[in-house]
Structure formats: C-alpha cells, structure tokens
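Two complexes are shown next, each including chain A; its partner changes from chain B in the first to chain C in the second.
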Partner chain A sequence: MTSTTHDDAQSLRPPVQPGAYDPATAVGASPPRSLWRDAWGRIRQSRRAMFCVVVLLAYVLVGLIGFTGVLSNETVVDGATIPGLIDRTIGKSHQPPSWTHPEDGGISPSYWLGLDFMGRSVFWRLVYGTRVALTVALLASIIEIVIGFTLGAVSGYFGGIVDALITWLFSTVASVPWILLMISFAYVLKNKTVWGYELTGVPSIVLALGLTTWVGLCRLIRGEVLKHRDRDYVLAARAIGLGHGRIVFRHILPNVFHLVIINFALGLAAFVHAEVILSFLGLGVTEVPSWGRMIDDAKLELLKGVWWPLLAATVMIFVFSLAVNLFGDTLRDALDPRLRGTD
Partner chain B sequence: MAQPLLEVQNLNIAFDTERGQIRPVRDVSLAIYPGQTVAVVGESGCGKSVTALSVLRLIPQPPGKVLGGEIILEGRDLLKLPEHEMRTVRGKDIAMIFQEPMTSLNPVYTIGDQIAEAVVLHQRVGRREAVQIAEQSLREVGIADPGRRLNEYPHQMSGGMRQRVMIAMALSCKPKLLIADEPTTALDVTIQAQILELLRKLQREQGMAIMLITHDLGVVAENADVVAVMYASRVVEFAKVEGLFDHPKHPYTEGLFRAVPKLGAHSERLETIPGTVPNPAKFPPGCKFHPRCPRTRELAARARAEDTIEIASAGEHFRVLRRCQTDEPQLREVAPMHGAACHQIAEYDRAAILIPRLADKREVVPVAIVDGDVEAIVKQELAT
Partner chain C sequence: MWAYIVRRILLTIPIVLGVVLITIVLFSYVAADPARAWAGRIASEAQLDAIRAQMGLDKPRWFKWSVPIREIEATGRTLAVSTPWAHGLEEGDRFVISGVGNGHDGTFAVAEVKGPKGFTYRSTAGDPAATQPIALASDEDASLHHAELTQRLASGFDSQLLDIITFRIFELKSMRYQQPIWKIIKEKAPASMAIQVPAFLIALGLQLSLALYAANKRGRVQDLIVTLLSVLILAVPALSVYLFAQWAFGMQLGWFPVAGWESSGLQWMKYAALPIFISVLLGIGSGIRLYRTVMIDEIYSDYVRTARAKGLNNRQVLFTHVLKNGLIPVITNTVTALPSLILGALLLERIFQIPGLGNFTVEALNNYDRTVVMGMTFILSIVYCLLILVSDILYTLVNPQVSLK
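Let's turn to the complex of A and B:
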C-alpha cells in the first residue's frame, strides 16, 4: 500500500524542465564577483548614476578637444605662427550669442556663446577651460592620493613615533585655514622653476592644491589602516612570512582602497572649485583660459548687460559639480554598502 | 635519541603597559620532536598563545619584548635571526593556523590567490604552478571541487571550510612544524572532529610536528603525544599524554580533570577550581596556584601552625602552607619522564629539575569514527 502511494507521488511530479531550478546544479551557480565588478553592476542599475557617467564622459571628450592644436595659443599654418582660436579676436567685442557667423551666415560654433570683451570666442575659451579644469583636478588628485595614502598607511600601520610625527604634521597643516594655505602655496610656487621647469600656471596650481588637500585623506586612511592592522588576516599574512611593505600594499590597501576611490570622486568637484577660486583671485592660471579666469574677466561686464561669458562658465562648473557629486554618491553606496542612506 | 625539531628554553616574555610591566610567559621550556604533537593546555590568559606567537616572533614589539631564553629550530636560535631571515622561517619551516577562521582570511582576495601567494613566496615556482599547488592542497584538506573553490572569496565559505583553507595554506609549503592555536575553538563539535582528524591524517602523511594550543582536554586526549600544562605564565606539568591522564601530579591538572563533565554521570553542578585566574599584572608570590590550591589547604589544616600562613582569596580566609606562599616550585621530574611543579608531591624534594624533552609518540592512536558508528559507541560507553 505504501509503495503504491510512493509510486503515485513519483508519477505526479512534473518533469524537470530544461533551465528550471535544480538544486544539484544550482549550488554556487552564480560565479564569484570581485568588488569592482560588483560595484559596477550596482552603478549600472542606477539610471541617475549612468546619466552622470555620460555627462562626465562628455566633459572628458570636450576636455580632450582642448588638447588639439587648433585651440592652443599658437598654431603653425603655412610656416607662419598665428594665434589659436582661444586668443584670436574674431569679431567685435561683446557680440551676443548667435548660431551663425555674423558675416557669411554659416553655422559656426565660435559664435554660439558670443564673444567676450576682447572679441574672443567664449565657446572655445570654455572648451579650453574644461581641459585646464580636468587636468588640474586629476593631477592634484593624484598628488593628494599619493601623499595622503602613503602617509596615512605608514602612520596607521607602524604607529609609535612615526605615527606621532605624521599626526603632528597633518594637524599642523590642517590648523591653517585652507584657503590661506593654498594662496600662500600658490604665491610661493608662482614663477619658480624646479629642475629647469617653470612653475607657472597649471603646474603651480596643481602643486598648490595637491600639497594642501591631502590631510583629510591621510586622516581617513590612517584610521582605517589602524583598524585593519590588528585584524587576524594581517597576523596570518605575517605568519606565512610576508614583509611589512607587502602587507600594507597588497593586503591592507585593497581593503581600504574603496575609500580612496570615493574620496577621489567626491574630491574632483572640490578641486575644480578651488582652481576656479584661485584663478579668480589671480593666483592660478594666467596664460591660458580657465573657467575661473573667465568669471574674473566677466564680472565687471555683467553690469553692462554682457551676461553670456559669466553664465557659460558658471553653468559649466555647476553641471560638472552636480554630475560628479551625484555619481560619487552612487559610487560610495556601491563600494561601501554599509554607508548606504547616510551622509 | 634524535634531536628535537624545536626547543624553547627558559623563555621569558614581558609587555610594557601603562600600569607597569606584565610577564605573561616565565621560564617556559619545551621541546618538540619531528612528527610529534605537543599540546599546550591552560586557561585563557595563562600564556599559551603568547608562547606560540613568540616562536614565530609575531609578538608586537613594542609593547612586547623578550627578556630572555632561546627558541632553537634545528640548531638556529630564532630570537637572534635578523627579520628578513625570520620571514623565510615563517610559513616555510613553521606555519601557523589561528583560532578564528572567519577573520584570518583577507576578504578581498580569492582563496586561490591567498594560498598561491604563500607558495610563490617560499617555493621557486611560477604563478601557474603555484595555483596548481594551491588546488592540490585544497584537495588534500578535503574541499570538494577545489578547482572552482579556488576562485571563490572567503565569505562564500562556512567556518569549517575556511579553517580547511587556512590549513591548506599552512601546509602548502610543507612546513616542519605547524602551530595550531586553538584551531577548533570557533567551530561546532562535528566540524571540530573533522578538522582534528584531518590534522592527524596530514601529520601521518607529511611527518610534520604539531604544537597544539588548546584548553580542551578532549582534544588533548585524542591528539597529543606530550602535554605541557600551563598555569599563570609557567609550565606546571609536562608529561606524556598517557602519564598525564592516568596520574596527574599537579593539583591544577587534577582540578582540570575534575572539572570535565563525565558522560553518563549525574551531578547537580559541575566541578570547578575555586577562585579565578590571577591577573598577570599581580601574580601571587610563591606558587602561583596556592590561593586556589585544595592540596595546600588540606595539608595546612593538619600541619603545625608555624608552617602555615593565613591568606585571603576570593573573599575567603584560610590557611595554606608557608612554603607554598613563599617559594616558587620548579618543574622537577617527580616520576620517570613526568615533570610537575608542586612542593606537595612526595618525590618533589628528591627529584631533579626536568629537562622537558620527551621524544615519545603515543601508543594508542584514536580511530576516526565513521558515520553511523557514533550511536553504537555512545551506547557501549553508557553501558560500561
């Protein structure tokens, strides 16, 4: 009797369909993903973040145009040097934006955003300013990360007198108001040469920013490394005979690197702002156009009703900051899920 | 007699703290022979883990420091080696597995990466070969489908599997000595048995020595050849496992055995050793066990008043023998190949100081319990 019911149950069971869930093959079926693949998967799920990625890629493309010869200060045409698009006077000063060339009537990007007080194209200056802003932000971030991470990791890992010295150093740097520190750095570095290389314009502002902003990252990394130093996996790594350098850079670094990435993403906007402020104050980029210089040049023109140079530069900065911050938020949530929903 | 693989002699470790110096390891000596398992047993805080870590020189310095002693591995004093030579000893000659398999693996690397790293470091092999060795060692520790597991992260594994991975990592370089610091404490009982059986199997196959740190007397009974019982920074008893279990000499060891609940026995409460483990910052004078020692109390009750002294411990006032309170006993050979540090053992005064070198292997080797047999064995145990 029991055996027949058993057989009935067997025959009632539906046949396993191809592709259906089968515990025999489902164990561990989803392939392991690394942190970065996992994070990218989460970012892709957010439409907002993907939109920001597109916007930022557009900025990068525009910035790359700034590296082409036509825009640079001097262009060689037929053996003769002529000023590039960014510095050439191409019409009357304060010509308002128009789609077309004022004389031949053809569509010309040079006139889309109008001309400034010297009759130069606001559009091309804005494009070149993108190159400057991105270059400054990227290079300054690299300096910041190298100094901040190295000092923070060394300080947190070794502790003792090394930690005391580094803590003293960053506390000192942090105790000076940052804008003052940055201005003095920019002032000192201006027109100096290092190894025969002149520190004007972009290099000086990169150094000024990089050398003053590492404190926050350093403090963050120090605390995090301090936490990881006493974890069992570090002891286990020492027990298999690894040296300190490998432990810090191969084992602890990947465990704290998401913080560096988050810090980098959120810091980009701050660097762009800082470059604008320094250039506005006349301490930053002087030889080539930058968003800060454009605002500086345009501030008095506004009273004469010339709004386009100021608006163009401001919108450019606004959209960039917004995209970076929104993307940075999603990135932080993706890389450090414990922080989700916090500020 | 063969030479010991590792010999620890009169090791003294101190930590400088804000409340003064504490010394968690005093005059610890022990020897481990190739292929032997030496268990170090004791309560939390008795210095057994510090002893193990100092063999690999993994004590953080500062605050820790070695006050004296020697740790000799095959003729070399590890305490005198420069750091870069010590790094070749770690992992290659001596490997270590830890108590917490959940946190001993780096969460951001696959386990294949982590095992291969140790292999590349100590053996002259390329990356691809290292991965093969890693896969082989995962197979040896009984992980199913090692080729796929290599590419998984630690969080995808259970505690028992992670401990197997730790063992695979430790054994991938074929060390001569494995230090296992409470390898089964964080695991549940069935997994404990599997892990210990695995260690025994690998020991048989590879002939390595094991220093087994534990507070579980059951683990000792099944695995150890020789046992060192530690109490409050010192080795108080050192003997072959059979000798220790049949005739414990030190009152602390006796207390430990009494505290083990017996299968089938009924009692209202479990036996305990009165009092608490002394704070390493202020150990009692004389024998460190005397405030908790039932033997000295009993003997004091019958002794002449001038030989005894009144002390207070755990809110209680009682008399102990004066000698226990003033004179620190040494580890002496109170029975053949059996050392204990207690004044109140009849042979103590005549015995010589024990050189803790016992090359013995145990005679009774435990058999692995195969599935299904457990019930029968328990029934048989209960019947007798």
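Let's turn to the complex of A and C:
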C-alpha cells in the first residue's frame, strides 16, 4: 500500500528531461528549510549569540534553584523553626564577602557575596531574585503578548468599527507616558483584592507591567495582519469555509509569530529594569528578595561603605540585559530579513 | 494638506477623552479604597467618611437615574433656587418643597417641588452630598405623598469629568499640601528644567555626533566601540548608576555636593552638575543606535552618491546632506521625548533630593496623594497628545507625501 502511494506520487511529477535542473534530485540541494530552522542556523553561526544563549540558560538554571524551594523552606532545628536560607541571619550584619566560612574556614557559598544589613546571605538572595526576575519578565510578557496579539490581530483582520475602537484604545494608552502609566497601575493594583485574592508583590507588578506594555506589539501585529488579510492563502482558507478564529490563529498567526518572538526577546530586559524602578518606589516585591529590592536597600547601605549587595544585583541585571539584548538583536536579524544589514 | 491637519486635530479629541477616561477609571474605581490608603490603618470610620466626601467617593460611581426616596421626613418648606441655569429657572425663584428624603446614600435634597411657574420640578437640586443642609426658607403648607427623583444624580464621574474638561484639574488640591496642583507645578518645574533641559540638549548633540561618526566609520573599530558603548549603557540599571555616582563622586571624592538644591542665583549649577552628567551618560544609549541606523540609511542613498560624484568632500556630504535629511526621524523622536522632560527623572530627582516635579510625584506616591498622581498623569498625557499632534503636523510640512494618506 505504501509503495503504491509512493509510486503515485512519483507518477504525478512531470517527466524530467534528462540533464534539466530538478530541485528534488539536484546534487547538493538541501531540503527546504523553515523560517525557524533558518533562523536557528544563523544564530548558531554567530558566536556572540551562542554565548548569550549559554548565559541565558545559566540564568534559567539559577532561577530554577529558587523554584525548588530549598532557599525559602523553613527548617526545624532542636524544636525551633529557622527561616529559609534567604531570610536566615547567618552572621554579623554587613559582613564583607569572603570565600570561606568565617568560623570553620570551609568554603561556603553563603559568604561569597557577603551579608546584608540583617546578616542574610547576599548570594542566596541574589539566586532567589533570579527566580523573581524571570517570573516577572516571563509572566508580564505573556500578558503583553496575549493582549497585544489578540487586539492587534482582531483589529487588523476585521477592520471597520472594531479596528477604529481598538486603534483608539491603543492610541489612548500610548498617549500616557509609559513610566507614569506603569507606576499608576502598580499603585492602584497594590494590595487590591481581586476575586477574593489579594494582589501582593509579584502578581501586582506582573499585571502592572503586562497591562501597560502591549501597545507596541498591538500596533505592529495590526499592521502586519492588515497586509496578510487579503493574501491568497487567507482567501483560500476563507473559501473552504474556515471560521475567523481558525484563520487568525492557525493560518495568520504562524506567519507573524516571528514578530511576537522578537518583541518578546527585546522586551525582557525592560521588565527587569522596570522591576527596579517599582521596588525603589515601594510598589514592587515586598515579601521575597528581588534584584530591585537589593538595589533599593543599597541606598542606605552604601552610605556605610557596604557596596557588595548593590554591585551583586547590578551585575546580575547588567549581564542579563546585555545577553537578552544582544541575543534579541541577532534573533531579529535572523527572523526578519527586512531589518538585516542595518547593524 | 489642510484637510489632513484638520482631520489630525479632530482625531486628537477622542484620544484626549480616552485619556480622561483612563485616568478617572484607574484612580477612582480600580484603586483599593483610596480613602483608607490615604488615611492609614488607624483612621476611624467617621474620618474615612470625611475623606471619602473630600475625594468625591461618596457619590454614585457612574450614573444613577431616578432614585426613589424611601422616607419623607419633612414637608412644607420653600426652596430657593441656587442653580439658575437649570430648567429655565431664575435665581431667587421660590418653590414649595414637598419633601426631604433619604436617598440611597444619606439624607439629601428634594422631592417634588411645585413652583410659581406652574411646573413640577423633580430633582435632587444638584449634588446630593453638597446639598445636605439644604436651605429651606419658611414653613408653608404643601402636601405631597409621592416623591421621586427623575433627574440623573451627580456622580463621582461627572464631577471629575467636569473638573477635567473645565481645566479645573489644575486647581485640584494636593491632599497633603492643600495647595492647587498648578501652583505646585509652577513652583517645582524650574528645578526639573534646570536638570532636564541642559541634559537633553547635551545628550542630543552627543547622540547625533556619535551616530554620525559611527555611521561614517561603519564596520570599523570606531563604529564597534560606539555601538558597544550604547549597548552597555542600555543594560545598566539607572538606579545603580545614580547610587554609585552619588557615593563615589559625592561622598568619596567630594567633587560634587551629595544631594540638595539651592535656587538662589547660580548656586543651583553646583548641585545640577552631577545629575546632568549622569542623565547625559544614561540618555545617549538608545539614541545612538536609532540615529546611527538612520544615518547609515542616508549615507547609502543615491543622493549622497551624487553629492560625492559632484566632488563634495566628506564633511560637506555629512553635515549638509546626510544630517539634514536624517533630521526628520530625529525630530519625531525628540518631540515624543519632551513630556518626560517635564516630569524629570523620577528616581534621579529623588536620589539627589532635587525639589522638582519627579521628586514631587514620587513623594505623592509614597503619601498616597491621589490627586497629585492623577493630575500629573493626566496633565502629562495631554501635553504628550498635543506634542504628537504638533510633530505630526510638522512632519506633513516637511514631507508632503504624508498628506496623501
């Protein structure tokens, strides 16, 4: 059975003139590559981008340590409950960084980056902060993408009054300076109870960031969907009777998804930086350690010459932003050929 | 082109209204009990009620029509009209009031009023909260058994909308300082401007020259260094730089005052120097990349080749041709960056204790001074809308192709 279909397929192909160029049998011809394969090939060729990938994977691994709970789990020693590593006082406050444990002399990561004003390990707080930063950036991106893509696609696809309304909405949101809008959202969402669930720290800043950053993506997707709406493949999909939802999400989405990915990669660093601003304003994460909180705490510590928590958190953010931005640039060049060659 | 400009101006109106809506909704209805946030945890219920009345939170939220009065407490008094513009009434017209009743939130105004002009006036006679102690003139006989409010009640939304469209928002008082926002802005703006304007101009000049330089040396080491510089600057958290600079240059080296401000004479320059320097340093990152791309596009276009073929030297080509043509995106980008100048850098002003608008806004956030945060958001958004409008119109004047769209 399988051999007959194979033969049928063979017989359907037009006869090939001997010596004529046939893409399927040509010597050295590679199979057709998808956009994503092609992009991955380009990224792999760039040593800079691959280095960024490795750095980002390291961040994810460090972030995962925070997710396992070993840092925040309370332990019971001799009947007394001891807070997790991130909240435990393990020495004098403001102890400078050292490779070894100050008492027994063994190598101990807890002291590598010194202790903060409450004698807590800066190292473990930094590790936990990675979890918070990645969670915030990732969840905020998801909200941004869902809102931005849906509104943009609906607007571009349907046009008319829907388009006018959505265009009005994003023009309006874009008119409020972003930093004020984000701060305002964080301000009004802080400690607000939604469906019986009190928004604290991470959820409220995720919402504040996600709900205020979708405008750029929405505008981009709207323009792109507008172009795709009248293309042949969409007409064909409509002709065979597919619904609007299926056309948008199954047929148009894959053709504009690279823009979503570029937007996602280039937006990650902005979320991490925004978290620092919110922490400084007292609108950020309060119950767990975060990079922003560590920098915020440093404003008093620095006066006493305690520089290690500030430096540690700053370097973490700096390296993350650098890796994300450089990788995002390569990704953009690889995925969107129109933008290629400008750098 | 005029048609385009007029249409563009008309398009701004719904956007301004949208901003009004966002501001009101965000601060009145999304915020978790603003009165409690302002008063703190120890405030009594009575205090909270007073604050709610001050914030206008005691009124119906959106719209409320025809609220039936549940109880009639008093009858037979006259009401002096104090809102002459309503229903063709004149000031001084006296009406017999048929009842004072309880509305859905407390005792308020009027039921059915029979007046000398022979018509029945069903209304709250204005704002339910404000007219609580209603001016009742004398006891006169009147009897009415049924009372119903058929006018739309004034709501919190109304009063805020009215505040905004009549520009009374500038007169709204800061809850903390009990001073109109407008007055505070006037007082605080100079310090912000003293930092922002020089920083902005220096940064713009640096961005353009570095971008032009990098574009000219495209692909060489100089280009790489400039590009790398901008990427590195973009990756540093601004707050860390502020803290570090204050500590290093202010405290350790003592080159600049650590923080503070003096507005007399030229004293401010002493305090402004370091913040301006940091602003410039942090501000050039994004611009360099953008302008470099713009300049490269221009350098590789046909007219530049023609200019070179004509025998112009590199400097003439760069400064009279490339820079001039590349300025359009620069102007657009610059205009849209202007509102942030008004606000000033929030964190920068806070850290260096500069008594500017940014610092003031942060303080308002810390104090839950809702009117200020709301007012600043709104005012800046409107300024932004207007600037975008201006930049779009300028753009059509520079580039006539736009008006064809």
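Everything that follows uses one rule, which is that the second predicted complex is superposed on the first by the 305 of 343 C-alpha atoms of A that agree within 3 Å, B and C clash if a C-alpha of one lies under 4 Å from a C-alpha of the other, contacts with A are read in each partner's own complex, and residues count from 1 in each chain.
Here is the rule we use: contacts are C-beta pairs under 8 Å (C-beta built on N, C-alpha and C of every residue); 3 or more make two chains touch, one makes a residue touch a chain.
Model, not experiment: these values are computed from the prediction.
Asker: Evaluate whether chain B and chain C can sit on chain A together after superposition, giving fit or clash.
Answerer: fit
Asker: Is A:Val54 in contact with chain B, with chain C, with both, or with neither (first, second, both, neither)?
Answerer: After superposing on A, A:Val54 lies clear of both chain B and chain C.
Asker: Quick one: name whichever of chain B and chain C touches more residues of chain A.
Answerer: Of chain B and chain C, more residues of chain A lie in contact with C.
Asker: Looking at A:Tyr187 after the superposition, I want to know if it touches chain B, chain C, both of them or none. Which is it: first, second, both, neither?
Answerer: After superposition on chain A, A:Tyr187 lies in contact with chain C alone.
Asker: Mind working out whether A:Ile107 is in touch with chain B, chain C, both or neither, as first, second, both or neither?
Answerer: Neither chain B nor chain C is touched by A:Ile107.
Asker: Quick one: classify A:Ile240 as touching chain B (first), chain C (second), both or neither.
Answerer: Touch status of A:Ile240: first partner only.
Asker: Once the shared chain is lined up, is A:Leu300 touching chain B (first), chain C (second), both, or neither of them?
Answerer: It touches nothing on chain B or chain C.
Asker: Report the closest approach of chain B and chain C over their C-alpha atoms in the superposed model, as a whole number of Å.
Answerer: Chain B and chain C, overlaid via chain A, are at closest 14 Å apart by C-alpha.
Asker: Considering each complex separately, which residues of chain A are in contact with chain B in the first and with chain C in the second?
Answerer: Common to the two interfaces on chain A: nothing.
Asker: State the interface residues of chain C toward chain A in the complex, per the touch definition above.
Answerer: 14-16, 18-19, 21-23, 26-27, 30-32, 227, 231-232, 234-240, 243-244, 246-247, 251, 293, 296-297, 339-340, 343, 346-347, 350-351, 361-362, 365-366, 373, 376-377, 380-381, 384-385, 388
Asker: For chain A, which residues count as touching chain B in their complex?
Answerer: Chain A reaches chain B through residues 28, 31-32, 35, 160, 231-233, 235-243, 250-251, 254-255.
Asker: Contact residues on chain B for chain A in the complex?
Answerer: Listed in rising order, the residues are 56, 58, 62, 84, 87-92, 95-96, 98, 100, 103-110, 117-118, 121-122, 148, 151-153, 156, 166, 169-170, 173.
Asker: Taking the touch rule as given, give the residues of chain A at its contact with chain C in the complex, in rising order.
Answerer: 168-169, 171-173, 175-177, 179-181, 183-185, 187-193, 269, 273, 276-277, 280-283, 295-296, 298-299, 302-303, 307, 310, 313-314, 317-319, 321-322, 325-326, 342-343
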